[in-house]
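Presented below is the structure to which this report refers.
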């Protein structure tokens, strides 16, 4: 199953990057969201899958899923959420100010 | 000794304050005693009983960097030139520079230079030497740019800086290589390990590095091009830095390291070759010049070439001649620069085509110039010091035995002829300089100012120098025992005994000198008939043009290169980034044999998980193809919810909860922000464009896949997770292990995760409000 | 796990159900992608959420855990809020009513 | 005792939170900022003193023994960098009021600044790979806040790209941590170091090392990953640019220095060979960038890149001279970059433009600024006896010891071109005839902007001339980096 | 009515204390005892016996479940029909209910009954617009729905 | 015995869920699809969750209040959600499928629009 999840995460990575290479803000930001999904899935997978109960202690159960990756993912999810929210608002503001949601039209030159 | 070296620098700091009083008293007077005292200090060492001495001051002992000053014959000679001519130049400048000028700047730069130059010639520690060396370049830069509102000054300043500093960096590399090879930073100790250096694999490199340093500084071909442009500096500076002292730093360096490299064929060859080429080219080009200072500049170049060549010869006579000529050149060239300055000052022009017949107006200057130019030309007169060293040069060029190798032999055979050719041109421009300025037709209408003789005090400095010319010529032995032999000894590394006398009998050098005078006279008289040759050589091909082209290209090409990839396109950046990461990481993984597909220890595959995975994969791929923005957003939501379900399946309920909330809010935010934005456009890019995108993304995805599988299959160690399950309740006091980790074991992460949200919130707030505020204005 | 309960049957049932629900999710994904209107997508997404609840319920049985109950309830709540939001969005184009205009 | 280590992270965080509550009370904000900056400075100095006298201080956060909790490690390198950071913070706090508009200041400038400092310091101090990621995010989030402060078209446009690049690198970081965890089973850096020493089949670890390197390389702006840097660093206010230029890329290169001395040095033949080449290209392309433009801000910004190249050069050598050189250069460059950005800020105010072609003759009206610029250029180019020189000697020595001729020559050419790129500003901006239309009445503002820069320059000069005071510490740092035992023991055995 | 509920809960909790068992089952038993007590004492307590309403509510819920199961079954049949020959449409249903939550409840109940889905409520709260899966098939049933649901709701609320 | 009941609940629930999804795919317009969503899927999930509730109770003797609340909540909200979406769709102008025979809501709306226009001709 880990291999399959690795493949899925890689597909998410690839699609994320394809989106990042697009012009429109929406696609690009979608790319970043997919990117974080891929990263989290990788992290989960690398901590081994299906190795036991949810990491909540229950009497008599000794077999738990690895809690550390979960804790790390949880932190990362929240952080990614913060960043994505900011990115969304930033993209919106950039659009309203520059009147374009096309990254290619927002190249600008360094001599401005 | 440190006080002697740093006295000018210490004064340089107070000069800006002294210059406030410049309307009462010329700043020059206030500070003249400094170099004079230094000069007297160094004169006190002169004498036949001179012993070299060292005084050391620690600076950065842990790096073996110290201010250790080593006063031997060579450095004494230079120290005397620096302080002596320095004094004369200050004296001269008092009359040359008006009080309205920025005297504070001028003298500050000049005194910084004085310390730097003294430091160069006295330092035994290579890093200290280098530090002083760079400061000579910098002060020279500032002095050339003294009249910075002139375009030519700025051009000359930058040119000299670029060339001399690049040489300086090369020198630094050479010096560091030397310390790496010898393990010491002291030049004296390096000399003791000469054989270690010569045998090390670094030797060729060291030689090249050091030569580049010396050649750029001493304006050797083809790095000579900065010196003529340095003439934009005030004339006292030209006389001081750009003829008598700074340009001789390279000579000094080579002389200093002759003790190590002397006798090496490569050293001989490079120095002699470049020296003699510089001599010939410099003198050849000097004849063509029309500006007095330009003639003197090219003259300096050629004379430096001559000295360099003599150092290359490496025989005792050559080295003695070199040392002798250093002194002689400083005297006659210094005086000639000052005279040129006086002519400029009194007539308002330095263009030799406008000058002529000034003898009657400026008899004193003319007399001084006569001695200077004739000494420079090497006219055989007993009272002209230039002749002595010139004759020694011829002599040395004929005595180049002891070097083996075909090319070396050919070079040795050709050298005397080149020496004569160079000297002939030297003779021509010297005559041209004197006769063109002081004799011939007086062209009143072309002169901006009616000429008259300069005040005596202004003439005093050149007079002293010309007296030097004559005294050295008449009584060479005065300088020989106390000064020159010590210097030559220091260079040669062994006792050099040389008697200087005017008449040696009918020997080849005499014929050579006579040939120079005869042919030189002929060429001078027929100058107008052969001058056309300059339009052919160098013509359009000159190193100046190469330099100009190079500097232009530095900016133009940089601009082109940079903006081919820095074009603001996020896509291009991303492609470059991803392509680099993919190829390099992939290659490393491949060569380090890190790919590991031997699957082990995996959980069983189940149908429903596969289906969920398929859903997520399809949804992810769909984000690329859907054109409705809401659809795109919702499809991303599907991926997120799918991930939440995976979290559910893989025993991570807390993650599932968080993921669900976050995904929902994110989708809502997406909808909120993107409602106003245009719908997604139909895909219009070319196939190649899309193919590239696909290639890059699939490539990167594949890389991640390979790494993840390899990493998963290479579990070298058990994870630290057991500890958490064992201790979560016992030590952490909670039964939800993830929670315990988050709030306790890794509470730090959580605290700063909250800070990120805090920052994001404020950033979003100010992003919205700041615009509103601006809009309201 | 389930052996204690003696439920070979139940285990198989759960797996069959999980697969079926997963297929159901696939079907809904198709509707989300093809639309044609955003309302259709909203319906499909809402139903997908319901399917996810079922999925979580089935997993809870599969893993014999109560820890997923929170997830189930949360999906329910979010689904409702989310659907209302999307519906409002489809209707008016805004989710949060703006009072300042 | 061990709680000493965490205070440098907490102090700016407190300052950040406090100033978030008083954004409109500018006077109070400024006072609080200055107060906390000075507390931070004094404390960082004290911490550095304690660590250099008594050895590494490790705080196991929440009291959990490493590798299970998060270790905050105040070692020689990190306390040094924290000290420099505190100096820069103090300078920035005094520079900011003159540089920013009141509106910008009141939109949480101090909050974001201190938050960023907290992140930066955390990144320097943490001994945990994932916690490093968290601190990266803290400093990035704060930097996003700072970069949009201007709020103009260009700011938003460039910050969008900046954010996107960073999101990519962050997510790559998380992924790589996952891979490392799969393979090595821990995220504590000392523990990783210890385990990787024991691992035998290291092929995959080399791959992971390179991947992690790229994560940091994006942040450090190493060739060919620095595209995001130039434009996003010139759009914000100079005080922000100064903090970015002096701190953010340095966090990246610090991470490389840390990770590739402590953890991944099992396959130097491959990793450090890559570094050598990247160092060469980073130096050359960076300085080519600096030559390519007439925009003074951009010139200074591009000069960040070759400096990173120099530091990477030392890391690639992996010898005591090399590492010492890197550390020295790192310390030097943090200070001088901040000083130069401050000066450029003053220059732009004085000239009313950032286009070199429209400047000229400023030295007559602003001599102090001009000379500081001149000295700054020399410091940057590594002219003796200023601070860059010592670093350069060490780096070149290290490079020549290993007969890396190409690297040496590249470094020398780069130094020359750096000098040229900077001296152009002096020659074209300050020399020459004074251009018409110079903004009037800016003298006071320029003076206010110049003072913090002058202080930083003075420190920089001290680091060069007073190298004897600095160098032994650098030596201590390099020894610790090269012999990992002290660090590992301090974290895992106490 | 509220007092009755509180009493009932109080009795349930007291029961838990008395038995020293704090499980749901104990609570349930306590609650049932409470209902019995309240029923016995109904003459001495003001207001009507509240459990009557509860019973009515349960009846409503059961009704609604029945309808739901029926309608689901109907939909399932439709789904698997190879050819979908239905004639959907939207029709208006006048209602006598007036308060907001009554109408909402009715609309929801309608949504859960076979073949119907409430689409909109008119501004004056007199009409519910209903989408029918198969109009000809449904029209006679509408009246029935109206009868049963409206009545059941009124029983609970009024 | 009890596991057979649980299994039955699960199977029936899943069948309804699947049918609901299939309906959403097959039915011709958003309104008809909503029928499938609000009825089949809702009942299906309720059934599955009830099974989970029973299972947990039997197996662990845990009365999971959250599951019950979940069931209650979904039953309560599903029709509301359906109502909201259909209203939104109709307001947004989503047409009924062409096989539809009548749209009284549209007629009513058009009527009121016409009335308003005749009342205030100048606005």
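Going in written order, the chains are labelled A, B, C, D, E and F, and every chain counts its residues from 1.
Here is the rule we go by: a residue touches a chain if its C-beta (ideal position, glycine included) is under 8 Å from a C-beta of that chain, and two chains touch if they have at least 3 such contacts.
To keep track of the chains, here are their UniProt names: A = Na(+)/H(+) antiporter subunit C; B = Na+/H+ antiporter subunit A; C = Na(+)/H(+) antiporter subunit F1; D = Na+/H+ antiporter subunit D; E = Na+/H+ antiporter subunit E; F = Monovalent cation/H(+) antiporter subunit G.
Bear in mind the structure is a predicted one, so any value in this text is a computation, not a measurement.
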Shared chain contacts [chain A and chain E, defined touch]: none
Centre-most chain, if every chain is reduced to its averaged C-alpha atoms: D
Higher-contact pair (C-beta pairs counted), C-F versus A-B: A-B
Centroid comparison with chain E (C-alpha atoms), farthest chain: B
Farthest-lying chain, centroid of Cα atoms versus that of chain C: B
Separation of mean Cα positions, chain E and chain B [Å, integer]: 91
Gap in Å, rounded to a whole number, between the CA centres of chain F and chain D: 57
Interchain centroid distance [CA atoms averaged], chain B/chain D, Å: 26
Separation of mean Cα positions, chain E and chain C [Å, integer]: 25
Residues of chain B engaged with two or more neighbouring chains: 566, 568, 570, 574, 606, 609, 649, 651, 653, 704, 708, 711-712, 719-720, 724, 745-746, 749, 753, 756, 759-760, 763, 767, 771
Where chain C touches two or more other chains at once, by residue number: 21, 23, 25, 38, 42, 63, 65, 67-68, 70, 86
In chain D, residues with contacts to at least two other chains: 130, 134, 137, 141, 144, 148, 164, 168, 172, 175, 178-179, 181-182, 230-231, 293
Pairs of chains found to touch, sorted by chain label: A-B, A-C, A-D, B-C, B-D, C-F, E-F
Residue ranges of chain B touching chain A (in the complex, touch as defined): 566-571, 574-575, 578, 599, 601-606, 609-610, 613, 616-617, 620-621, 623-624, 629, 632-633, 636, 639-640, 643, 646-647, 649-655, 658-659, 662, 665-666, 669-670, 673-674, 676-678, 680-681, 693-694, 696-698, 700-702, 704-705, 708-709, 711-712, 719-721, 724-725, 728-729, 735-738, 741-742, 745-746, 749-750, 753, 756-757, 759-761, 763-764, 767-768, 771
Residue ranges of chain C touching chain F (in the complex, touch as defined): 4-7, 9-10, 13-14, 16-17, 20-21, 23-25, 27-28, 30-31, 37-40, 42-44, 46-47, 50-51, 53-54, 57-58, 60-61, 64, 66, 69-70, 72-73, 76-77, 79-80, 83-84, 86-88, 90-91
Complex contact set, residues of chain B against chain D: 58-63, 65, 127, 130-131, 134-135, 138, 145, 148-149, 151, 154, 157-158, 161-162, 165-166, 169-170, 172-173, 176-177, 179-180, 201-202, 205, 554-555, 558-563, 565-566, 568, 570, 572-574, 576-577, 580-581, 584-585, 588-589, 591-596, 704, 707-708, 710-712, 714-720, 723-724, 727, 731, 744-749, 752-753, 755-756, 758-760, 762-763, 766-767, 769-771, 773-774
Residues of chain F defined as touching chain E within the complex: 15-16, 19-20, 22-23, 26-29, 31-32, 34-36, 38-40, 42-44, 63, 65, 76, 78-80, 82-83, 86-87, 90, 96-97, 99-106, 108
Residue ranges of chain D touching chain A (in the complex, touch as defined): 130, 133-134, 137, 140-141, 144, 148, 152-154, 156-160, 163-164, 167-168, 170-172, 174-175, 177-179, 181-182, 187, 230-231, 234, 293-295, 298, 355
